[in-house]
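What follows is a pair of complexes built around chain A, which joins chain B in one and chain C in the other.
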Partner chain A sequence: MSTVIDRPPTVTAVGGGVDRPPVHERRRWGLTVVGAVVATVFLAPYVIMLVGAFKTRPEILRVPPTYLPENWEPGNFLTMWDTPETPLPANLLSTVVISLGGTALALLAALPAAYYTARHNFRLKLPFMLLVLVTQMLQPTVLASGLFREFVTLEINDTWLAMILVNAAFNLSFAVWIMHSFFASVPKEIEEAAWLDGCSRSQSLRQIMLPLVWPGIVTAVIFTFIACWNEFAASLILLPTDTNQPLTVALTRFIGQYESAWQYVFAVSIIGILPVVALFALIEKHLVSGLTAGGVK
Partner chain B sequence: MATVTFDGASRYYAGNDRPAVDQLDLEVADGEFLVLVGPSGCGKSTTLRMLAGLEGVDEGAVRIGDRDVTNLPPKDRDIAMVFQNYALYPHMTVADNIAFHLKIKKVPKAERAERVREAAKLLDLEPYLERKPAKLSGGQRQRVAMGRAIVRRPQVFCMDEPLSNLDAKLRVQTRTQIASLQRRLGVTTIYVTHDQVEAMTMGDRVAVLKDGLLQQCDTPINLFGKPKNLFVAGFIGSPAMNLIPATVEGESAVIGGQPIQLTPAQREALTSSKVVVGVRPEGWTLKPAGEGISAMVEVVEELGSDQFLYCSTSAELAAADAADVDVAEAPHTITVRAPGMSAFQRGEKVGIVPQTGAVHLFDAETGDRLPD
Partner chain C sequence: MTAPSTATRSLKRRVRRQTTLQALPWLAPALILIGGVVVFPIGYMIYTSFRDLTRFGTDRGWAGLENYERVLELDHLSRVLSNTALWVVGVVALSVGLGLVLAQFLNKRFPGRKILRLVIIVPWAASVVMTSTVFVYGLDPFYGIINQFLVDVGILDTPYGFLKNALPGFLSAMAVAVFVSVPFTTFVFLAGLQTVPHDVLEAAQIDGASRVQTYWRVVFPMLRGALAVATIINVINVFNSLPILKTMTGAIPGYDADTTTSLMFKIIQNDRQIDTASALSVLNFIVVVVVIGVYLRVVRPMRED
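Let's look at the complex of A and B:
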C-alpha cells in the first residue's frame, strides 16, 4: 500500500505541505509573538519599578544603570515607613479611608439613582442624565478652588470627609450610568413577576434585581475604588496637612529639589498598586455579563 | 378561587386624552375562563395589569371575590400571572423559579419541594428542575412560567399572551394544554390575546375590546353568531365577515340587485336609510354566473378542507364605498367559502346569493346590530 494513504488527509488539506506547519498553527505562533511584545511594552515599567524597589540608593543613581540589583535591598520596604519626607503609615490609612468612604458613598447615591432612572420616566429625564454625564467631563483641578471655598465654609477643609465627598461626587456619574444600563437591561416584567409572587419592593430589589445587576455593581465599585485610590490633583490642593494626604500625594514628597529617594518612590508605588491588583483578582470572576439570558422569551 | 369584578374601572395615561380603559364593567364568574381580545392598543393588557395591580385604577373599582383590591399592592392580591415573555428569574433554577412564591410565603421546605414536584410532573418539567432558564427551549420556559403560576394555587390566573412567542404548532398544542389545565384546576382565569382563534377556542366567554371600550362579552358561539356591532362582526371570524354597505329602499336593502328584507323592528331601529349587511364567507350560496350578485373570482385560497374565493363584484357595490363605515376590508371584495378542492379558477365569473339566516344587519350610522 502507498504511504500517501496512511498520511491523514487533513495535514495536506490545511497545512499546505509536509514540512510546513498548518495555517492555524502558524497564526497561533504569530499571535503569541505579537502578544508577548505587547505584554513586554506594558509590563516593562512595572518590572523597572519592582527591580528599582530592591536597589540601594547609591546603586539606583549609578550611571550606567544596572538591570538587576547587585545587592538586593528588601529593607527599602521597611525603612520607607519611617522617613523624614512623609508619614507613610498615615498616608496609607488616608488612602484606604478615602477610597473606601468615597466608593461606599458613590455607590449609596448611585444605586437608587440608577434604579429610578432606569425604571421610571419623568419629565426632563434625558437632560438630567446628560447633566450627570457633564459632571464627569470637568477636571478636578477646574473645580478645586470652588471646592476649597466650599469646604472652608463648611469647616471640613483638610479632612478625610472632604475628600470622601469629592471622590464620591467625581465618580458618581460613571457609577450611575454604568448601573443604569444594567438596571435597564433587566426586563420590567421580571420585577413585576416578583411583586406578584409576593415580594415587597425591597424584597424584589434584594432577591431579584441585585443578583441580576451584580456585574454592573461590581464594575462600578472597581472603577470607583480605583479612581478614588489614584486621585491626586484634588488631594494635593484640598489636603495641606501631610498626615491627611493619600499615597499619591505622599509619593511626590520623595522627589525633592536637590535629591530624590527613587528607591522609596518605587517601593511605595508597589504598595500603592498591590491592593488594586488584589481587588481586581478577587472580584474579576463576578464580572460576568449576560446573566439575564434566558429570563425572557 | 373567586369571582373578579371590574366596576366602572378606567385607566388614563398622561398625555392621552382618551382613557386606555374606559369605564369597564365586567363580571367574571368563579372558575370561569375569560378571554380578553382586541387589536393592539385596545386596552386588553392594561385591563389585565389593572387586575394584577401593576397598573393603577384611576376611576371605579376592581374586586376579587368580596375584596376590593383597587388599592392593594400586587403582592397582596393572590394573583398569579404568566407574562408574554415569561419573565423567569434567570439566576434561579427551574425548581427555584417555581418555588419562589412559596419561599417568600415561608412555606416549609418539605411542602415546598412536594408542591414543586407536583407542578413539575403536571407540566413534564421533572427532568429540567435543576436547569437555569437559559438552558431551556421556548416551550419549556413557557411551561416553567405556567408552573410558577399553578404551584401557588392562587385565586386568579392572569395570562398575558402566553403563547405568542411559540411557533405555530407548539402554540396549538399548548393552547389545548392550558385550557384543559384550567378546567382541571378550576381557577378563575383572565387570558389576554390578540389572536381571535385562541380566544374562540379557549374561553368560556370572550370579551372584545376596542379603544378601551368593551364591545361585547359573550360565549364564543354568541359572539360569532350574534355580533353586537360592526367591530365585533369584523373582528371575530376568519376570514372576516363581509360587510357590505347598502341603502334601505322601502322594506328592504338592496345589494348587487338582491333585496334583503328588513323586519318592521329593524326598520324601526334604523337611525338613517343606510345599513351594513354582514354575511360570513360560509353564508353565501354559489350559483352559476348570471344568477344572484354577479362576481368575478380574483384569488382562490385552497386550504384543502375549504376553499376561499376572493371575488370582486359589480360596480354598484363598489359605489357603496362612499358610505362611511368602519369595515376591515374593501367592501366591494367579497370572500366566499367553497368546498375544498373545488374547480374554481381565477377570473371565473360566478353568482352569489346570501343564505337565509346568514345575514347580519347593522345600522350604518351607529354600527349597532339591528334586532333580529
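Let's look at the complex of A and C:
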C-alpha cells in the first residue's frame, strides 16, 4: 500500500479550507444553494411518485395534469392490493421470499470463503479470488437464455428457488469481497492470542472475530438484499406465472395499458423504494470499496 | 540462494496440496454456486446457440452456425448495433462527466453536504424499473406531469409525446440511464478524491498554481484509477441494462429503439426463439468478456497491499 492511503480519509481536496474568515462562510452558503438545486433534480422523480400515489384515479389521468392532488387519497395504499392488473400481495410475497432466500444463501456461501481467503494462503487463492471478481462483473442479463434452459431442464423454472439461486450466485462476489476485506483487517495475532488463552476456534470466531467484522457482514447482507429486491431481468424470463413474479416485474404489467392505474404503480413503488433507500444509507461508506474490489485507491 | 533439494521440494508440494485440500470445504459452497449458476449456464448457452430448438424448447439437433446467421441477417441489426454504441458511449460519457463534477462539488465543505450525499443515493438504491415508470407517466403527452412542467416554464409550446417514437424515446431512455448511473459514478470519484493528499495540494498552492492548474495538473492525474473503474464498470452495467428500455420504449413497435440486450429479451419473450437468443447472447457475452479483460489489465484490481 502506498503511503498516501494511510492518511485518514478526512483530508479534503481543493477548496474547503478548515477555519476561514466569514467571506468563505458566505461562499459556503452559496454552495448550499447549488446543493439544494442538485438535490431537487435527484429527488424530483420520487416526489412525483409520492404525490402521484395520493391522487385519485380520475385525477391522475386528467388532462392537463395537476401538480398536487386536489383530494389526497391515502386509501390507494389499501385498495391497490385488489387491483386487477396483477396479484400484488403475491408479488410482494415473492419479492420478500426471494430476497430473504437469496441473501441467506449468498451469506452462507460467502462467509466461509471470505474468512478462509483472508486468513490462509494457498495456491488456488488467487485464481479463486479472480473467479469471484469476474463473477461480480457478469450479470444474469447476459446469461438469461442459458439460465432459462438450465432451469427448464432441472424443472425448477418458474419457481422462487430458481430466482433465489440466481440472486445468491450473482451477488456472492460482493459479499465475499467486502467480508474478505474486513476479515483481513483483523490482525491474526488477536485470534492467536485468543487460542493461546484457551479459546476454541469456534469460540474465537464467535467472540473475537464476529464483533470486529460485524459491519462487513451487515454491509454484505444489506447490499445483497437490495440487489435481490430490485432484480428485474432474470425474473422477467424465469418467472412467467404472475403470482410468482416479484414487484419489479409486476409493475411492467401496468405500462402500456389504455388507462393505467398510475396511482397504484406509484403507491407500490413507494413501498418498494423507501425501506431499500433507508437500508442503503446505512452501508453507503463501504459500498465503493466493495463494488470496485479495491480498484479505487 | 541454493536450489532446494528434491526432497524439500516434494515436501513443499505435498504441504501445498494439503492446504489446497483444506481450503476446499471453506470454498465449496461458493464454488458450487458459481459453478452451477454462473459457469454452467455460460456453457449451456454456448451449446444452445449451436442447436435447433422449437418454440416449445424441444431440441431438434445440431444447427451449425444457423442461429448466428439468423442473428446477422436480422434486417434491423445495423440500427440495433448503432443504437447500442450510442447507448453505451453516450450514457457512460455523460455519467462519468457529471459524476466527476458532482464528486468535486461534494468534496467541498458546505452546510448540508451530508444531506446531499444521502439524497444522491436515492436513484442508486431505488429499483430502476420503479424510477423509469415515473418517467413513462411524466412524459406522457396528455396527463404527463413533466410535459406539463416543460410547457409551464416555457421550454415547450405544447406537450410532446417523448415516448411515442423511436428516436426521442431512445434519447429519453438514455437521459434516465444517465440519471441512475450518476450516483455510483460520483461515489467512485469521491473515493478517488480522498486519496489525493492534502500536502500535495498545499504545495501546489504555495508554488502559485491557480485552482484550474491545480485541478488539471495535480488532482485529475490522481483520479486516473477512479476514472478507469467508473468507466469500465459503467460500460458493463449500461450495456447490460434492460429495465429502462423495457419500460420506456418497450411499447414502441419495431426494433428502432432497441439495444442488443433489449433485442435479445424480445427474441426470448416475443418470438420464443431461445436458440437465436442464445446466439445473440453469446455475442453479447463476448463483448462483456472483452470489457472484463480490459478491466483486469487497466485497473489491476486485487493488488495485494
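Quick note on the criterion: the second predicted complex is superposed on the first by the 248 of 297 C-alpha atoms of A that agree within 3 Å, B and C clash if a C-alpha of one lies under 4 Å from a C-alpha of the other, contacts with A are read in each partner's own complex, and residues count from 1 in each chain.
Here is the rule we go by: contacts are C-beta pairs under 8 Å (C-beta built on N, C-alpha and C of every residue); 3 or more make two chains touch, one makes a residue touch a chain.
Quick caveat, the model's predicted, so the values are computed rather than measured.
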Chain B versus chain C as contact partner of A:79, first or second or both or neither: neither
Touching partner for A:146 - first (chain B), second (chain C), both, neither: second
Partner chain(s) touched by A:181 [first = chain B, second = chain C, both, neither]: neither
Which of chain B and chain C A:67 touches, first, second, both or neither: second
Partner chain in contact with A:193 - chain B first, chain C second, else both or neither: first
Larger contact residue set on chain A - chain B or chain C: C
Common interface positions of chain A, toward chain B and toward chain C: 291-297
List of chain A residues in touch with chain B within their complex: 187, 189-190, 192-200, 203, 208, 211-212, 291-297
Parts of chain A lying in touch with chain C, wherever the complex brings them together: 1, 4-5, 7, 9, 11-16, 28-29, 31-32, 34-36, 38-39, 42-43, 45-46, 48-49, 52, 60-65, 67, 105-106, 108-110, 112-113, 115-117, 120-126, 128-135, 137-139, 141-150, 152, 165-166, 168-170, 172, 176, 226, 229-230, 232-233, 236-237, 247-249, 251-252, 254-256, 260, 262, 265-266, 268-269, 272-273, 276-277, 279-281, 284, 287-289, 291-297
Residue numbers on chain C that touch chain A, as the complex places them: 16, 19-20, 22-23, 25-27, 29-34, 36-38, 40-46, 48, 57, 102, 104-105, 107-113, 115-131, 133-138, 142-146, 148-149, 159, 179, 183-184, 187-188, 190-198, 201, 211, 214-215, 219, 225-226, 228-229, 233, 236-237, 240-243, 246-247, 250-251, 261, 264-265, 268-269, 274, 277-278, 281, 284-285, 288, 291-292, 295-296, 299, 301-303, 305
Chain B to chain A touching residues, read off their complex: 52-54, 73-75, 77, 79-81, 83-91, 100-101, 104-105, 132-136, 138, 141, 148, 152, 165
